[in-house]
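Before anything else, here is the set of structures, which you'll find just below.
Here come two complexes built around chain A, the first alongside chain B, the second alongside chain C.
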Partner chain A sequence: MKRIVAKEEYCMNCRLCEVYCLVSHSRSKDLIKAFRQERGEIVPRITVERLGPVSFAVQCRHCDEPACVEACMTGALHRDPATGEVTHDPQRCVGCWMCVMVCPTGAIRRDRNGHVAAKCDLCLETGTPACVANCPNEALVIEEDND
Partner chain B sequence: MTSTKYLIIGNSAAGVGCVEGIRQTDPTGEITLLAKETEHAYSRPLITYLLGGKVDEAGMAYRPADFYVQQRVKTMLGVEAAKVDPAAKTVTCADGQVIGYEKLLIANGGKPITPPNLPGADAPGVFTFTTWGDARAIEQYIAANDVKEAVVIGGGLIGLKSVEALTARGLKVTVLELAPRILAVTLDQDASDLLAGALASAGVKLLTNTTAQRVDLENGKAAGVTLPDGQKIAAGLVILAIGVLPDLSLVAGSGIATERGILADERLATNVEGVYAAGDVAQALELLSGERRSIPIWPNAYRQGFIAGVNMAGGDKVYEGGLAMNSVEICGLATISAGITSPPEGQGYQVLTKLDPKTKNYRKLVLKDHHLVGYVLVGDVDRAGIITGLIKGRVEVKGLEEKLLAPDFGLISLPAMHRERVTAGLGVWS
Partner chain C sequence: MSKRLVQAEFNVERDPERCIQCQVCVRQCSNQVHAYDAESDQVTCDEASCVGCQRCATLCPTNALTIKKAPPEFAPDNNWTSDVIQNIYRQAETGGVLLSAMGNDTAKVSWWDNILLNASQVTNPSIDPLREPMELTTFLGAKPNAVELNFDDQGGPSLATKLAPQLVLSTPIMFSAMSYGAISYNAFESLARAAGQYGTFANSGEGGLHKDFWPHGPNMIVQVASGRFGVDIDYLKVAAAVEIKIGQGAKPGIGGHLPGEKVDERISQTRMIPVGSDAISPAPHHDIYSIEDLRQLIYSLKEATRYQKPISVKIAAVHNVAAIASGIVRAGADIVAIDGYKGGTGAAPTMIRNNVGIPIEFALAAVDDRLRQEGIRNQASVVACGGFRSSADVVKAIALGADAVYIGTAALVALGCHLCQKCYTGKCNWGIATQDPYLTRRLNPEIGARRLVNLLRGWSHEIKEMMGGMGINAIESLRGNREHLRGVGLSDRELSILGIKAAGE
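And then the complex of A and B:
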């Protein structure tokens, strides 16, 4: 399983990962338009946490036995057994927030505009997670698990 | 008589979980799935969304239409299991068919409680509301009788989600709740009050500490209810939503041990060899008490079914224990709660609360011996799962209490071991 790993010793709390995540999931795919016009309509699927000098980014961990998939009452959340990716189909989501209730990293956010859950999809459309590609200090890297 | 390696009774969260658990362990063994209802596996909680017009019939599917084909499962839908005979290892159906099994999962769910002493409860226009069929029947009845007003008896989860659906259809709804407040089992007083406020602003009338004494009839159909104090409420539709009980009719006299539900052990096996139980019909380990309790919620049903499936197929997986939890959004106000939310006085519980009357954001944490045992969030429910994880993982949170109460709390404050575990995608079970 490919996972995005946060290196807290390199994170500078610049929060550009949140911005580029927003861009990657925007309609315009344009930084300025996404940030100025679409922010609020869409939510970043990554959260930078900070406490004193320490900071790091959190997004979906694509758990081996995802609690969100078990709790999802519509079947919108699904774990692909072949890739290990946890996917979310907003068309089948009703915004019941059961996944928000059980995600142990708090990685599933509420897109209140569309009233659906929003989570990291590893930027399936482009193939390269925007948070990793745009982290200026390599605090977000992709690592392969051996399972 | 036909026979099968695995027989599953029930086609909801636990039944589907069982199929997925079996298939993870045994890709080829013959699975037969039996269910009283005729529909493909659907999301039961969505029945109120369907009635309210928020999802369509296609949106009801819990798994893709070809799911059982892909999983190589023989389905027998619309066939009701009537009797389990563990000695012969057979299940007899209501239509007389007999099916032999090697491993059996009983996951036939619950049945709605109908009040025993309510005159008029069997009249047209009075419904329970737990199946897709109920949703269709209620919708048709509203249209055919041009119903404008409804009474919902019961201010629990099913009752309130029914209220939301009926309100969305333009009906004027009155809720009768026997307890002093709504969602009394899962929420605390403050959260119940906030939800009651949301109901009121949506135009719903809520009467607590009361219930219907009888259903009033007009031309043989429901026309309203009379309360114990004589007050009459006109309504062409009455929804009975006072609760659901495990449906034990199937195992009566079989030797399978039951209390409130079918008793299941840590591997979800019953006392009878080869027979397992999961979901709303089962009574399995509850995390906080260490006792076996029935907790009829979707996540527990799926997990129990999945673990039963793994074990039925020869694996060895232990059920960590269920936690009562619910996410309920009524009339735009979100609430998430878990565990013990209204602890008794004087038993060593620590309670922390924070209420912002302006935003209606409310947070409550319940702790015992520096461990979280319950919480309530109203309004800003984001990242609730972190708290749920701390309860399930039995993580000591000494010194973190105030941080957890802040709305911007996060993983960064948590003990390093727990944080590393969850960020590695390993879940919360230590």
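And then the complex of A and C:
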């Protein structure tokens, strides 16, 4: 499957991936409106972790054996065996935060407004993840994983 | 502390309608101009330390930032300009030498702009480079006085003359000497990779060649400078050619100083000096006080490299450049590189950068003339450097007599440099002239090499177009072909030194 790979040696902690992730998951899809009118309602599904000069972006790894799917009591989290993508259905999510607790990379965030989990969906709507498309230093790339 | 009198050089304008408080500017400015105030949820700024590098404005996702030059409004005066007044304030506060970086920014005239190129009309055909072959391959090194041939039984010829070692360039453009230390590891790697990909050469500068870069050796010219940093037999062997650095256009007559705080583990290995120690290049080579001494070093390097590599000598363009170049050729150099007064640097005293040396246009013309008059022009290739901004400058330099050019500033601009001229602070926001690990990662060498190759491709294409227009299909036919140049707005004396006719003649 396609995976987003972070090249930490070129991540420069600008956090534009977070900015564009938020916009990509907004209603308006407009930078200024998303931040002005929707912030608080939505959260980016990618987080840049930093220690000193080193930083990199963390988002759902779409694990082969996802702990979040195991832990999800409502079946909101699901791994598509055909594509390998781990998907999240907010309609079924009850906000118990078990997935947040068990995710080994800390990639799932809480969308407090809707009281549901928020995680990377690889920008299925547009095809190209917004974080990859907008990383100014090509520190986020898509790589095909043939496992 | 008494009140500082130096005023901010730039205005930072933030459009509150557009700013989304994403703080990209806060995280990207190494000069701490931007800050986030959580209490008011506002990004604020302190313009005093803005250097005008445009990093924040470039990365701002909503284009909310505009950085404008803000010359402090002193009373209008043509002599005591705001730059002059600010400089005096700075020195009155610190008692130090004014520092600058990159090339001379005061020169109001570029003689390249006063030289125009020819094109074919009616009486000779121009050539379309997209339809017909156009040769840019350039060979650097000593050429024989005459070529002798042997013929076998069937009359087939073979070369009897032993040729001197040559550098083969796919285009007459190389990257200037910029040391690892002055520029970052990633900037250095970008240059080395691009040189390899395009079939030209990058220059290690005087700071040695890290072992990681040895695979790029076939496309590297390595320098032996007055500090002898990183020089050993392996360094000489791994490179394609060796250059003795005598001087640099931005600061003729003075040495260099890489501050100890930039000398980390990797630079220490590369320069062969202890971590944290200042790397000081003396002004002269302490073993070169004459042309004869230079000859000894040239031949030491030739012996060390088994006469298999061209030896270059780089000098700054100064008043007696033609006589000096003649001496260098007679001392046995295969390549003479001449750096004009607009050449760049990572750090130079401002007064020296702006006032010492002569323009490359005159130096190049004088050197080419002198070597021809003495009948030794074939014994060495001439490489011009110092402020080449475009392919047109390159074509004019080759027609004036250069075999090839070095580009430094243009290459850095391709890598993202915005010419803020603050390389010496070590805070380069573009990750080029810095060793701060938070900043160096901003230059991804894959992107850097791609952009440099694009620049070389674009310029080479334009050179072919200009040559085609003149009806020339090989760069060899353009070299020293001053009939294809005409001067405008130049005095008779300037025209005669440049060896070109006035427009209309």
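Definition applied: the second predicted complex is superposed on the first by the 147 of 147 C-alpha atoms of A that agree within 3 Å, B and C clash if a C-alpha of one lies under 4 Å from a C-alpha of the other, contacts with A are read in each partner's own complex, and residues count from 1 in each chain.
Just so it is clear, contacts are C-beta pairs under 8 Å (C-beta built on N, C-alpha and C of every residue); 3 or more make two chains touch, one makes a residue touch a chain.
Predicted model only: the values in this text are computed from it and were never measured.
Overlaying the two complexes on chain A, which is it for chain B and chain C: clash or fit?
fit
Could you tell me if A:G106 is touching chain B, chain C, both of them or neither one (first, second, both, neither)?
Only chain B; A:G106 stays clear of chain C.
Per the contact definition in the header, classify A:V116: touching chain B only (first), chain C only (second), both, or neither.
So A:V116 meets neither chain B nor chain C here.
Between the C-alpha centres of chain B and chain C, what angle is opened at the C-alpha centre of chain A, expressed to the nearest 10°?
150
Look at the residues of chain A and decide whether chain B or chain C touches more of them.
Per-residue touch count on chain A favours B.
Applying the document's definition of touch, where does A:I32 land relative to chain B and chain C: first, second, both, or neither?
So A:I32 only meets chain C here.
So, does A:A133 touch the first partner chain B, the second partner chain C, both, or neither?
It touches nothing on chain B or chain C.
Tell me the contact category for A:Y10 with respect to chain B and chain C: first, second, both or neither.
second
Shortest C-alpha to C-alpha distance from chain B to chain C once the two structures are superposed, in angstrom?
The answer is 15 Å, the least C-alpha separation in the overlay.
For chain A, which residues belong to both interfaces, chain B and chain C?
54
Can you list the chain B residues touching chain A in their complex?
13, 17, 24, 43-46, 49, 54-55, 59, 61-63, 298-299, 302-303, 306, 325-327, 329, 334, 336, 338, 381-386, 388-389, 392-393, 410-413, 422-428
Applying the document's contact rule, which stretches of chain C touch chain A when the two form their complex?
Going by the criterion above, the answer is residues 17-18, 20-24, 27-28, 59, 61-62, 431, 436-438, 441-444, 446-447.
Under the definition above, what is the set of chain A residues touching chain C in their complex?
Its residues touching chain C are 7, 9-16, 18-20, 31-32, 35-36, 52-54, 134, 136-139.
If you look only at chain A, which of its residues touch chain B in the complex?
The touching residues are 1, 3, 6, 47, 49-51, 54-56, 58, 61-68, 70-71, 73-75, 81, 92, 94-106, 108-110, 145.
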